[in-house]
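In what follows, subunit A forms one complex with subunit B and a second complex with subunit C.
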Partner chain A sequence: MSAILNGGIPPGLTARGIAKSFARPGAKPKVDPHKVLHEIGIEVGPGELVAITGPSGAGKSTFCRILAGLERPDAGTVTLAGRDLGAVPAGQRRVALMFESYALYPHLTVRGNALSPLQAPGGRLAPAEAQKRVDEVLELLEIRHLGERLPGALSGGQKQRVALARTLVQVPDLFLLDEPISHLDAKLRHKLRGEIRRRLSAQSAPSIWATPDGMEALSVGDRVVVLDQGRVEQVGTPEEIWQRPASARVARLLGDPPMNLIEGTLMRAADTLYVTRRDMRLALPPALAAAAARHGTDSIILGVRPDGISFAPAGAEGAVAAEIYSNEPFGKHAIVTIDLGALLAKVKTSMAAAAALGADGGIGRGVGITFPAEGLSLFDGATGRALAGT
Partner chain B sequence: MAEAASRPEGSRGYFWTSVTIVYALIVLFPIYWMASMMVKPNDAMFARPTQFLFTPTLEHFEYVLAQGFHWYLLTSFLLCTVSTALVVIIGTPAAYAFARFEMRAKDDLFLFILGSRMAPPVCLVIPFYLIFAKVGLLDTFLGLTLAYMTFNLSFYIWVLRSFCRDLPVELEEAAALEGWSRPQIFRRVVFPLLRNGIVATAVLCFIFAWNEFLFAFMLGGKAVQTLPVSIPKLITSQGVRWGEMAVVGMTALLPVLAVVFVLQRHIVRGLTLGAVKG
Partner chain C sequence: MTRASDRMTTEPAPVSAPVLRERRWYPYLLIGPSMIMLVVVSLVPFLYAVYLSFHAAKFGRVTDFIGFDNYAALLADPRFWNSIGVAATFVVIAVPIEFMLGLTGALVLNQNVRGRSLLIPLLFMPTMMAPIVVGLLWKIMLAGSWGFLSYNVLERFDILPGTSVFASPDYALYALIFVDIWQWTPFMMLAFFAGLQALPLGPYRAAAVDGANPLQMFFHITLPLMTPLLAVIGLLRFIDAFKVFDTIYILTGGGPGISTETPSILANKMTFEFWNIGEASALAVLVWIAFFAFCSVFYQIAKKKLNAF
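Take a look at the complex of A and B:
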């Protein structure tokens, strides 16, 4: 990004072409290795927070470990704050990594754990200063009262916050948070997501926040990187990723519930392009139809967000026939699962609309659904790449 | 909660308790018998019917001290302490290295180390004797220390390696990332978590060395005599001195008993629990 301004060496983090494979269990290394990362490149500017998301096994943790220097990449370069980290051992990289597994020192108290990086030769602070900073972070994470406890006496969420505290007290050149809030209860997660984001953004160091939760990634990241099976699927701002997911794999990660993906075939009749699947036939809006026609593929995946689908009486004009599979009222909205014939789709609708489906949620009843003209996405049926979206 | 649930209830509980008590009495009876022999006058030793009541005497203690058996005790104690200390100093880094580092022929090397423990001691004592005779270590304290260290080292490395393996490597990675050097990580993280394992294993090594007879008998000669080796001296031309034997035997047994209590306390693991989630 800012590479041009600084004589080719960006001040933040730049990783280029990072590749990594592991030997499969029981197999000889080098023969049929398991490729975890394929040429991953990423740039994070100073003070920027990039969220990395992807399903488990996407390579998020491995990528973080490579940046931290705990794992040696097969190929690729990492530069941080103008330094090439290729030959720099983990201890001298000035990277604060929060482990997904916490990695708390079991023989040190909560306070001892949080103080540890500030007592280390690299980040040593005057004891009073260190205590002050630890107090402040423990206070922020609501675990100051646990200061003298040993990790063994803490709950999972408390341990996670201790690990978080140990990371946040540092002033490193790079923050790496591997699933930092995944084991907290919902209330605390909401509070800390904002607090941590605020704290990280105030620092000049770049930060990386890895999470399997796509919505969490959208909410914390200045930019979001979507990884899938060791490949970068998409990089962009949260808006870009939300509005125009680059592939069906990205779409599947985002939303609560995520986007419905309906595999179908393109069919032309008269001047209109239709997506057909079994006895469902849906006319594409002109913009989508043009993109689909340009691409010239028949096998297609139609993406539609759960809040885009609305109910119509069964057999109504232009409605697609479906059967109600389950009906979950959440209070402020309801999630209705419908069966489109060997395919379940989720519909997010109002409580009133869900109640109108009938007694017992109308489970088993036939119903019609209509798709919106806007907010549809099309993906290539073979590759999953996005063709168009509105 | 789980503990309470697994405790046998009612009459079944009493039954198993009494079985345990009876078993304990059977096991402990020889120890009681030895203890009573320590203070039994010679004429009551083999009286028929058995005399459970007698006037206690200290004559066996006097004889044992007069014969200088306390020096054998000291020899035993020094020998076991020094050899166990050497085992801990040499074996701890070795066990750690075997658990953590990739090295060529690691498994072969490890088996080789174990081999010295698997072979029957009788097979090893002859080469030991020949080598020690050549290099002048026969009948020396140093020679016997080295011999004990050798056969305990393999056991120590073997046991401590599994303790090392149980340590989550991420703790060391976390410390490394904070900027601690390798020796500092060993001192700050690895050693405190291994301490229980080290104590428990070292105590076992100490007991093995303490009970050892064959090597001490063959390699120590007249110059270095340990407590177990000294006991046959009490089979004299005037007969077997049973009371004295009981005194020496009891002296040899007490440290082992004491050490078992210490072991119990330290073998309780759980310090590493809670380090890593799950």
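Take a look at the complex of A and C:
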């Protein structure tokens, strides 16, 4: 209904074909510019939280700055809440942007910083109401006791929470959070991830949460957009992205530790399809074998999650030979790094299994590993894209 | 166990108290040379001036201790009060104008104007010139009837015909103020410009997203963040302008009459024309006390209200 009333512009946020290049340092603009974003498109519905993740340099911050109006895109359109933002300056976009670099006002106290958007022309609020909202947010972020301090007297994590407070007090048309909790300690990060998500979801405005931490993106996003080198690698629900990463780049971002990616060659012997790499030879389960056969490429990347690999005695039937590189006990589980011959892979295993590898973690010892029948992924060795049907 | 005990023995022994005490002279050794220089160059002459101010000292002969007589004579001398008035007028007009022009210029310079890299060295010219040169330059520019500015501007528009501005008791001081503004505005501009360049960009971006206009950004971000620098530069220029000597000495020598006679010029005359060294010393000490008091108060206020220093 509202889409019709607004002349066909849907509510929420729609960005289409956003492209951006920067001149390389020292080079003339226009000559071989550094392309940061390649035609990024994204839609975020009202009240929806979309997490954007990708390695540093993927273009997350640039994209946020373009949406906020601090940077002009080379091409593309942005519409928000029924308005075309093309010619709208940053100050009139009604966007609450949390800066990755905090951008606090150094001469204002914590409270003054948190209050500032409510005193600004765009979001002015009656003083009593503003104070109440600031109190509530400072309380939520556990920085109310720091209210009268200046930013210079705060730690990095505290500054980040002030920047977060300044964003969360607002009732904008769009929330943009650029790495909102990256500098908090683990305990607070766990607590606030849920709290902030809850708060954002209760608002009618769409929200974007940019983070280099793939797991954080999966945990906060209603949907997740994976960016890499300025391109959208995959868009989907957290489940889809976790279960079926669209490419090796996506797989590399997700998991703790992330999926192991083993480059190999397909080889057929008798009726079985094998992935081979050096002297390793691994028979593919039928479903994967069928997909690989359909795809018709020899160069392949095998993806296996760290918790899928299990240990076997060295030289056991069907086991792949490896050498233990390091062994890190974490209490609840252990991460064992194994050397598959010029390739390190991580194995997530139980403390008991890790201890059984030998004294001093068994470092340097030969060991056998076996791969699971389920939960393997296959990617094209050349393009990195997931093989259809896997 | 053996490992642990090994580690115990290889740990360095805790530094004992005598060692610390022996090294107490060390910091003094390090600051010693500069302290000696400071005492010899600055403190000794100053204390000698204080000593002289309590003595009858005329024509180079220091005679009796006369207590506060020099001070009393000075405070009773209308010429002393005139010099204070001249310096106050000079400072109160020149420094605010230099400050405002400097800040405005710095803000313009900060807008990525074209040819900025060429403009900045040019702007430094007046400040780089020796004050004697500045004095001579303006003496020539404003010389009666044939001076470049006198001939082309003052004579042409019939302002002060037939005479040099420096010869008019009504205008000489304003001419000196004009020269001071010419000499020091660029310095203020560049100092403020450097301050503006060092401001963080983040707050401006945050304010832009919140919808602040340029004027609001200036008053709510630029001005508060620049306050410490503005206060320090303003104070320095204030003190410096009050003590101005060289350009006045060259351009008017304090005249006509005593119309441009600042305390610095008066002290110089008392010493080298009237040879009343005792009273000249009393003048120097009084000015010092006044500045010390002023700077202390300013420092306290700046520290509390402006977050400066």
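Just a few scattered comments:
We adopt the following convention: the second predicted complex is superposed on the first by the 379 of 390 C-alpha atoms of A that agree within 3 Å, B and C clash if a C-alpha of one lies under 4 Å from a C-alpha of the other, contacts with A are read in each partner's own complex, and residues count from 1 in each chain.
Basically, a residue touches a chain if its C-beta (ideal position, glycine included) is under 8 Å from a C-beta of that chain, and two chains touch if they have at least 3 such contacts.
The model shown is predicted, which means the values in this text are computed figures rather than measured ones.
Considered on the superposed subunit A, subunit B and subunit C are sterically incompatible, since they clash. Shared-chain residue A:P106: touches subunit B and subunit C both. After overlaying the two complexes on the shared chain, residue contacts for A:P117 are found with subunit B and with subunit C alike. In the overlay built on the shared chain, the residue A:A68 is in contact with subunit B and with subunit C. Between subunit B and subunit C, the partner in contact with more residues of subunit A is B. In the superposed pair of complexes, A:G318 makes contact with neither subunit B nor subunit C.
In the superposition on chain A, no contact is made by A:P329 with either subunit B or subunit C. Once the two complexes are laid over each other on the shared chain, residue contacts for A:V95 go to subunit B and to subunit C alike.
Residue overlap on subunit A between its contacts with subunit B in one complex and with subunit C in the other: 68-70, 89-93, 95-97, 99, 101-107, 116-117, 120-123, 166. Residues 68-70, 89-93, 95-97, 99, 101-107, 116-117, 120-123, 166 of subunit A are the ones touching subunit C in the complex. Only residues 200-203, 205-213, 216, 221, 224-225, 307 of subunit C touch subunit A when the two sit together in their complex.
Contact residues of subunit B toward subunit A in the complex are 168, 170-171, 173-181, 184, 189, 192-193, 270-278. Partner subunit B is touched in their complex by these residues of subunit A: 68-70, 89-93, 95-97, 99, 101-107, 116-117, 120-123, 150-154, 156, 159-160, 166, 170, 183.
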